[in-house]
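Each of the next two complexes has subunit A plus one more chain, namely subunit B in the first and subunit C in the second.
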Partner chain A sequence: MTDQEIIELIDRSIASEFELDRDAMKPESTLFDELGLDSLDIVDLVIVLESAFKFKIREEEAIRGIRTLGDIHAFVIKKKREMETQG
Partner chain B sequence: MHDFVVIGGGVSGLTSALLLAQAGRQVALVEAAGRTAPLLRGFSRHGVRFDTGFHYTGGLAPGEPLDLFFRHMGLSDKISSFPFREDGFDVFRSLREGFEFRIPSGYRALLEKLCDAFPGERAAIEAYLARVRATCEAMPYLNLDQGLDTASAFARVFGPTLQESLDALTDNAMLKALLSVHCLLYGVAPEETSFAQHAGIAGCYCLSARGITGGGPALADAFDARLAALGVEIHRGAEATGISLDAAGSVEGVRLGDGRYLPCSGCVATIHPALLPGLLPEGTFRPAALKRLEGLEETVSAFVLYSASDAPIPSLAGSNLFVFPDAGALRTLGNRPLEDGPLYITAAWREDEPVPRGFIGISPTDAGQAAAWGPSPAGMRPDGYPRFKQETATRMRRHIETSCPELRGTMDHLEASTALSMRDWCHTPHGGLYGAKHRVGQYNPAPSTRVRGLFMAGQAVVSPGVLGAVLSGFLACGTILGHDRLTKELKACR
Partner chain C sequence: MQMKRVVITGMGAVSPFGRGIDTLMEALLEGKSGVTKVPALAEIVGMRTRVAALVPGIEPKEIPRKFRRSMSAMSVFATLAAHDAAAQGGLTEGHFGGGRLGVSIGSTVGSPQTTQEFFTDFSTDNSLERMKSTVFFHIMNHSCAANVAHTMGITGRILAPAAACSTSCLAVGYASEMIAAGKQDFMLCGGADEFHALTAGTFDIMNAASVRYNDTPGATPRPFDRDRDGVVCAEGSGILLLESLDSALSRGAGILAEIVGFASTSDPASIANPDAGCIALCMRLALADARIGPSGIDYVNAHATATELGDIAESEAIASVFGDRVPVSSLKGHMGHAMAASGTLEMAASIEMMRRGVLIPTHNLETIDPRCESILHVQQPLHRRIDTFIKNNFALGGVNSSIILRRFEQ
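This part shows the complex of A and B:
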């Protein structure tokens, strides 16, 4: 997958699972303030990403550090690239 | 107008109602069955009381967590508990290898006895027990001096699994089977459960193992009496059919099946989490949350044999029996023929008799075992179902006669239950013995929900068993009343 395809899948999944307006979803959008998610949604966010990309997320520190939609893009892209190099 | 309506009159609901009322809140509790805590109360046949929800517990000796919870709730003077056998509250037996081990109470006794039985494994045993202890001591409320931290919640979802932890410590299959045996108390296989979850449960049995005089019904009666004294309004035979929200999305009332409506500003729901969205207006949960709640995997189910004996059964007094065909019996839990799977046997009692007069035999099965008769309602199942029950009961009886010589000649009157019984009597959608399972990779609900004024308690939130259910009530009410307040009150009970 290209970075752009990954970003598209992330945005499409999050928009549909959290009923968000795609037009309002910018990489710099903050999850809590601008996209209206709350701390309880983080668990569901993890599950949405796990199911969209067929991987397991166990990076507790990285999850705690996510603030914006762009942070999610970067996290998933990095994880996908790591998986590719590990074969 | 109530401050809180608690949905579900099991141990977690009773605990939640009690704690809120004790804190001065106006509370109503609704329970679909005609009496509170039906699972805890069990049933009687042939003069023998069969406990279905409670057999024994860890952490109830004076000063231990459950003892403090009971004292704080004003239940201690209404029940009495007794220690299980110190030299072996559980007997672990593995047939093929001819191995038997009586699990003693207390970390020190357990360590020494394990080292005697597995002389080359001292380092692994010490490391395992130290980790169990440290994990328990990091858990909020189990250790009152420990602040609330989410680390333990992450460990339960991220792992490692119990199996991974044991594999890293030792190659001894029998030792691993023995240290995993208490998986059967919550119905999840070692390769699925997190070490943290297992330690939280097994660790309480490392402290002590006790029973309650009069069993589950005595505890249920104690709760009822205390709730009555606190002025909690209990609606028995009242099924909650909906939770109403105001325009701002906050809880404003609970609707009952008989048409009544209980206005309230808060609600603690102790039902199976998959049933929660059905009580709320459509769209309350977004698709992601809805899928997670409705997709929660359940624990294994079980075929259960209830046996009443014409003769006393002294071997089961203060001691349970775990029978494995071999050390690998927990693998693919629930998907083995009855004779190739583990078996858990615990005492059943006649009132006022000091020695057990029956037993309950629990054989884990896949929840789908009786699925063919799933659509038929209880009491109206087609002929094939009683025949299936009869045949399986006969197989189990033969298996017990072969593998438990001490129980030969004690099976005079038999009853049985299946996964369908669990589904219909315990309101678990798929008939899981312990409801939603706790496993690595599965996110169970937290006490807080995204609906203002709505909280969750129950075994799906913390863990099964009386201790887990009580703890879930404390976590939910701590979220409402303040954890500092509850832990401070608990500390005053020490």
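This part shows the complex of A and C:
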């Protein structure tokens, strides 16, 4: 997958799960304040990403640093590239 | 202690005819049936009933996602009905947050649909890794009550009685007693259930579900009828706004009816089969609570689900208390058996019958079972003044309930 394909799948999955307007989803959008998610949603966000990308991330320390949609893009792209490197 | 009088100032319904009390009454008065074929039931091994009464045409997305995510269908039904009851009652923002408005709403069980979905997924690999954060909020026993309270910002007491078919009658009765004792000023109360094969199957395996009218769904269920063959399961929610009379008068609320008597009895003779004597005891205790005799009742809204044992036992019980003088009808012929919701859906419709001066006949009652002939059945719309009626509900598990409502007079 290209980076853009990864970003598109992330945004599509999140918009569907949390009924968000795609036009309002910018990389700089903060998950809590601007996209309106909360702690329960973050639990489900992890499941949505794990389902979409077929990886396990719940125990990843880097998740705790995620604040924006762009942070998710960067985290998933990095994770996917690591998986490709590891074969 | 001086007990407060308790009145009803708002009603909401989500029924097999759609949303709203007027929608429900229009269908009942026109003699419509909410029962339809459900093709998915044919896919279930061992399921013989293929009909149910399902809720059409509601829009769950009226409820913001933040609240809806913790709801299964039953909580959606309850929330929409509660919203309508509060609106009719004229409640404003100030009523919800003061701790004097509570919720008493129950269901037979937590969401069977979400429970099925969870265990279907869980059993594939014994894994919790796909479990959504909101599963518990769907399947907890107080799902409907909690979801209604959260959506509406209610801060008073939460009660979630669970007694299958008696649930909403108990919810109203216990809420009424809280208000009478001065513990709350308002209670949104009733019941809700969502249709699931587990419910239909429960009756089917006990040979208590309707199976002979799968190709003519409008002809079943047939309460009290010689040719009845059992329950048709339904879904929905009926919610009433109860309020102390003092409160209603002080804010000039429209009063729809007064609750004057309530009783509930356990029937330890059988966990499944009704007992006429115990049903009669329940009605007599409700009369005593209302401080009236049998002659004070103008109409009986029967539980009558169209099972052989239930219809006969209730007929015998009604006859033993009221003789053949008081008109009796069941609304399950129109809309099936909405389980935990049935009590308040039928109570709301009965209040409207009292307000409109018309008794709705038992739909599909064509030939009265000789064993149910000892009471006065309503078989045609009956236009007459009704001042006081009794509403019965009886549940698997041996939980009986009867409530008496009266036209309000100062």
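Simple rule for what comes next: the second predicted complex is superposed on the first by the 84 of 87 C-alpha atoms of A that agree within 3 Å, B and C clash if a C-alpha of one lies under 4 Å from a C-alpha of the other, contacts with A are read in each partner's own complex, and residues count from 1 in each chain.
To be clear about the criterion, a contact is a pair of C-beta atoms (placed from the backbone, for glycine too) under 8 Å apart; a residue touches a chain by one contact, two chains touch by 3 or more.
These numbers come from a predicted model, not from an experiment.
Chemist: Should A:60 be classified as contacting the first partner (subunit B), the second (subunit C), both, or neither?
Modeler: A:60 sits against subunit B, while subunit C stays out of touch.
Chemist: Have a look at where A:10 lands relative to subunit B and subunit C in the superposition and call it first, second, both or neither.
Modeler: Neither: A:10 stays clear of subunit B and subunit C.
Chemist: According to the stated criteria, A:18 is in contact with first (subunit B), second (subunit C), both, or neither; which is it?
Modeler: Touch status of A:18: both partners.
Chemist: Just subunit B (first), just subunit C (second), both, or neither: which does A:69 touch?
Modeler: neither
Chemist: In the overlay, answer first, second, both or neither for which of subunit B and subunit C A:31 touches.
Modeler: Neither: A:31 stays clear of subunit B and subunit C.
Chemist: Just to be sure I read the superposition right, which of the two partners does A:47 touch: subunit B = first, subunit C = second, or both, or neither?
Modeler: A:47: touches subunit B and subunit C.
Chemist: Residue by residue on subunit A, keep only those touching subunit B in one complex and subunit C in the other, then list them.
Modeler: On subunit A, the residues that contact subunit B in one structure and subunit C in the other are 18-19, 38, 40-41, 43-44, 47, 56, 58.
Chemist: Across the complex, what residues on subunit B touch subunit A?
Modeler: 154, 158-159, 286-289, 291-292, 441, 443, 446, 448-450
Chemist: Which of the residues in subunit A end up touching subunit B in this complex?
Modeler: Residues of subunit A touching subunit B: 16-19, 38, 40-41, 43-48, 56, 58, 60.
Chemist: Taking the touch rule as given, give the residues of subunit C at its contact with subunit A in the complex, in rising order.
Modeler: Touch list, subunit C to subunit A: 65-66, 69, 129-134.
Chemist: Residues of subunit A touching subunit C in their complex?
Modeler: Residues of subunit A touching subunit C: 18-19, 36, 38, 40-41, 43-44, 47, 50-51, 56, 58.
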